[in-house]
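Have a look at this one before I ask anything.
Letters A, B and C name the chains as they come in the text, with residue numbers starting at 1 for each one.
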Amino acid sequence: MKVLRALSTTVGSKFLVALTGLLLVGFLIGHLAGNLLILLGGDKFNAYGHALITNPLVVPAELALMALLLVHMGKAIAHVLRGRSARPEAYAKKSWAGGPSRKSWASTTMALSGIFLLAFLIVHIATFKFGPYYASTEAGVRDLQRLVVEIFKNPLYAAGYVVAMGIVGLHLRHGVSSAFQSLGLMTNGVWTARLLNFGLLLAVIIAGGFALIPVWVYLFL
Amino acid sequence: MTLDSKVPSGPIQEKWDRHRFDSKLVNPANRRKHTVIIVGTGLAGASAAASLGELGYNVLSFCIHDSARRAHSIAAQGGINAAKNYQNDGDSIWRLFYDTVKGGDYRAREANVYRLAQLSVNIIDQCVAQGVPFAREYGGQLDNRSFGGAQVSRTFYARGQTGQQLLLGAYQSMMRQVAKGTVQMFAQREMLDVVVVNGKARGIIVRNLVTGKLERYVADAVCLATGGYGTAYYLSTNAVNSNVTAAWRAHKRGAFFANPCYTQIHPTCIPVNGDDQSKLTLMSESLRNDGRVWVPKNAGDKRHPNDIPESERDYYLERKYPSFGNLVPRDVASRNAKQVCDDGRGVGDSGLAVFLDFKDAINRLGEPVVASRYGNLFEMYQKITDENPYKEPMRMYPAIHYTMGGLWVDYNLMSTIPGLHVLGEANFSDHGANRLGASALMQGLADGYFVIPYTLAHYIASTPVEKITTDHDAFKEAEASVQNRITRMLTVKGSKTPRQLHRELGRLLWDEVGMSRTDAGLKRALARIPQLREEFWQNVSVPGDANNLNKNLEYAGRVADYLEFGELLALDALHRTESCGGHFREESQTPDGEAKRDDENFSYAAAWEYQGVGTAPTLHKEPLAFEHVKPSQRSYK
Amino acid sequence: MKVFLKVWRQAGPDVTGRLVDYTADNVSPDMSFLEMLDSVNETLIAKGEEPIAFDSACREGICGTCGVMVDGRPHGPDPCTTVCQLHMRRYKDGDTIVIEPWRARAFPLIKDLVVDRSAFDRIIQAGGYTSVNTGGAQDANAILIPKTVADEAFESATCIGCGACVAACKNASAALFTSAKVTHLSLLPQGQVEAKTRVVAMVDAMDENGFGGCSNEGECEAVCPKGISLKNIATLNREYRRALLS
């Protein structure tokens, strides 16, 4: 009870946003690693996909991911709404503070980028997970590589995907280091600097890694 | 009426202990039935509210600010004295007592000062337990520095923000009691009258500064901890909201006002710059630990200080006072600054400043060490003057800072109105004619934490009070008189702003009742003040009305009080024809220009009894006896 | 020099306010920002008009009473400077300056530029202290505290409670204010005893008073006149986490 109550405060809520966010980032890293197999060839990629969807844990894992996402969104939306209601009257003039402030386009658009990413996620799942089923040469194995190639050969889709990954990067650019701050890990100067850099690096790697795939497919496959 | 200081008998070391034992107590179960009003939330008021709340009294606390934490104690920079002798440099309770009596130029009450020195030790312990982050040595022990008027290091400090840290400690303790319900906090309330019922202080009238409504509060006893009256001079180091109103209104109800002419001019303030200046900023006395004070040897030398060679500089404090050097007490340092400026050797555009130079300290200690000691002060200086103290000497000039005078109180901190207690700077008791640096914080906290809990209990336990409510006629009368005054100010609708009148009064007081005073000048002031007062009531402009936040109305009320109080200040200075401490009469000086006391005729505290506006007050004398510290010509040479 | 002002005027909490134009003439570069406002008020009072209500007390940057938005930034453009310490030499002849009050649900407006910040007192009341009664404290040197720790605690303890952090924050969060007190006390052995209950109670009070949550942007740190670091909020989060897990 005590814990539940504590998790409903502004500070506790941000723990949850941070924890779920970091776990989702963890998922993204795994997802990226798997997807990058496409660079090594269609067979490896399809084998990985097959192994993944035939794993009995995949449904619980998907449910868990969905739960993480729901908590992440729910708490984040509540946080934003609470912030809005805490300032009922806007300033006639407001400028950014500059100096040591971490305010950035990334941080000011977290809600927007988040909503965009939700929309992207739905499209993404519809396109790939529930997209056309192509059988591969191997019995019972879905030819996902063919689907991916087909879709990314469309320049509009490929470009759109790259842009979407830019927004993923934007969201993570603030999100990752912000999560470390929310969890109380930035209490000393050296580690604060390291974690800030780490957050930026991770955002670039994840966004860049995912964006690499449509570019690669469009240009080389 | 004879003034009874109620100093307990017995050896001075045992007076306070005996007195505590002889004092009556209030049963813990009964304490919540007793209501105590505390006006002011500075060090004295907040510490008193916290301590009395902890004991279980029903405390009502009032302040004019939006939060108790804003009281001007917060601005004290340098430190707080305590006779801990952590430095093993020869300090003791007796030495702190001796230094304070001597520093006060033998015009303080010995028994009070001894008690203060005794309690100083407990204050530090208490504050550390509260989590006050005092400066520490690498070994983890508390650090000390030296301050003016002492040859030992007994000053505890938290960088240049000691007052802030001590006040926040007291404020937090008080907030703890607010949460517990023993202290009720009434912020944004200005006390405008004390209600006296059957000869005893039983309540106050306050104006709610947000709604403008007058409110009545009844209690068994009232404590004033409302600070000093330095703002009567318009420009001072006090906050712009600090004022004499609460003390003055109490005076008008029968509390004697003692030694108003003892005003402290702080030697190191940023010089005045232009007519629009609203206040003066003090630079902590601690700067004189490492900074060297000098002016050019030749009058009218307008070269940049860095271009003036050593041989043409006059380090006049080191020259005249070799044993104390730059660390002479404040009154001596201030007067010497005035003298060199009067000689035409003052620096800066106005010629009203002296240099305080850190070049040698930076060479000796390195810039990082100097920065760690004074960094925040240097920054503050640079913000105001646009000059960098690491690169060129600071310019300093004395300014009104602290007022040793105040409402007369006995050993129990009770004024001449029974039940009305006065704490901290608002009373007159402990500093004589001059306060030593880092002693104000000590006194405020000693009064609030350690004196009033005992003496107030004794008063409550030994004084039966009638059961009354705020419907009592005395409350009605007091409220009506307050209302009347407010209405009068609003109906003048003249063309002079309260600030113009205040500034004019301030200049007059600074010129004639400032660093050096003469018979003729004081008489000029006494002739001029009633005219200014008249002008106020004929021609002041107070737009708006009284039923909401009206800061100009608040201010006007305070200015009206300065215009009455200023007269008493000048009168007290006129009557005291000797020089002592912060009160320097040009007629009374030694051949080499030092203050010359007249112990035969003036070894007393002058307590004035109000007789009406414009009517000469009655002087009552409390003789001062010095059994332990023999008065001598103070020498810091 | 001369500057043009757009000042928020609002006669009371329940009436609508608006920006009103004023001109400050004869402004000297050595004036502080509030002295410039004083001079505008002097002109208004002499004409029998109500002056602009704004808060200030010590005018040396330590009491935390003053504080207004100056061109959309709390306390004006200079870092680590309260508006009473801001000087007009920062401005040029002919500049236009917009002056507004702090805006937050937890800081209801009283008049013009004056707001009610008593919510900060209530946060401290919830636990911003050590529960020691007067008397009975042991010798001050009985517990040794490393200088570095004492210095760090001091840094956090220098918060002046002006509310600039709340004013700058897009969520009107009081996280920096609250965390400064939590950090100050949690660093010291004297504050350790109640560390866990304190942080929980103070966060509850922060929420109950209508402040928003922290988005970790750090605008508060950038505008804090005392340079209170964002590390304090991280420490608050850490202390809260520890309280939660025990």
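Criterion: contacts are C-beta pairs under 8 Å (C-beta built on N, C-alpha and C of every residue); 3 or more make two chains touch, one makes a residue touch a chain.
Please read all numbers here as calculations on a predicted model, not as lab measurements.
Most remote chain with respect to subunit A, judged by CA-atom centres, is B.
Remark: the per-chain Cα centre closest to the mean position of all protein Cα atoms belongs to C. Centre-to-centre spacing of subunit B and subunit C amounts to 26 Å, using the average Cα coordinate of each chain.
Subunit A and subunit B have centres, each the mean of its CA atoms, that are 62 Å apart.
Centre-to-centre spacing of subunit A and subunit C amounts to 36 Å, using the average Cα coordinate of each chain. Residue ranges of subunit C in contact with subunit A, taken from their complex: 6, 8, 19, 69, 71-73, 79, 98, 100, 103-106, 168, 170-173, 175, 200, 203-204, 206-207, 210-219, 221-223, 230-231, 233-241, 243-244.
The part of subunit A that touches subunit C in the complex is made up of residues 3, 6-7, 9-15, 79, 82-103, 107-108, 110, 174, 177-178, 181-189, 192.
Those residues of subunit C that touch subunit B in the shared complex are 11-12, 28, 30-32, 34-35, 38-39, 41-42, 44-46, 48-51, 53, 55-65, 78, 80-81, 85, 87, 89, 110-111, 114, 116-118, 120-121, 124-126, 128-135, 137-141, 143-147, 150-151, 153-154, 157-158, 160-161, 184-185, 188, 190-191. Those residues of subunit B that touch subunit C in the shared complex are 47, 50-51, 54, 65-72, 74-75, 84, 86, 122, 124-131, 133-142, 158-159, 161, 164-165, 168, 171-173, 175-176, 178-179, 185, 187, 210, 239-242, 273-274, 276-279, 281-282, 379-380, 383-384, 386, 449-450, 453, 493, 495-500, 541-544, 548-552.
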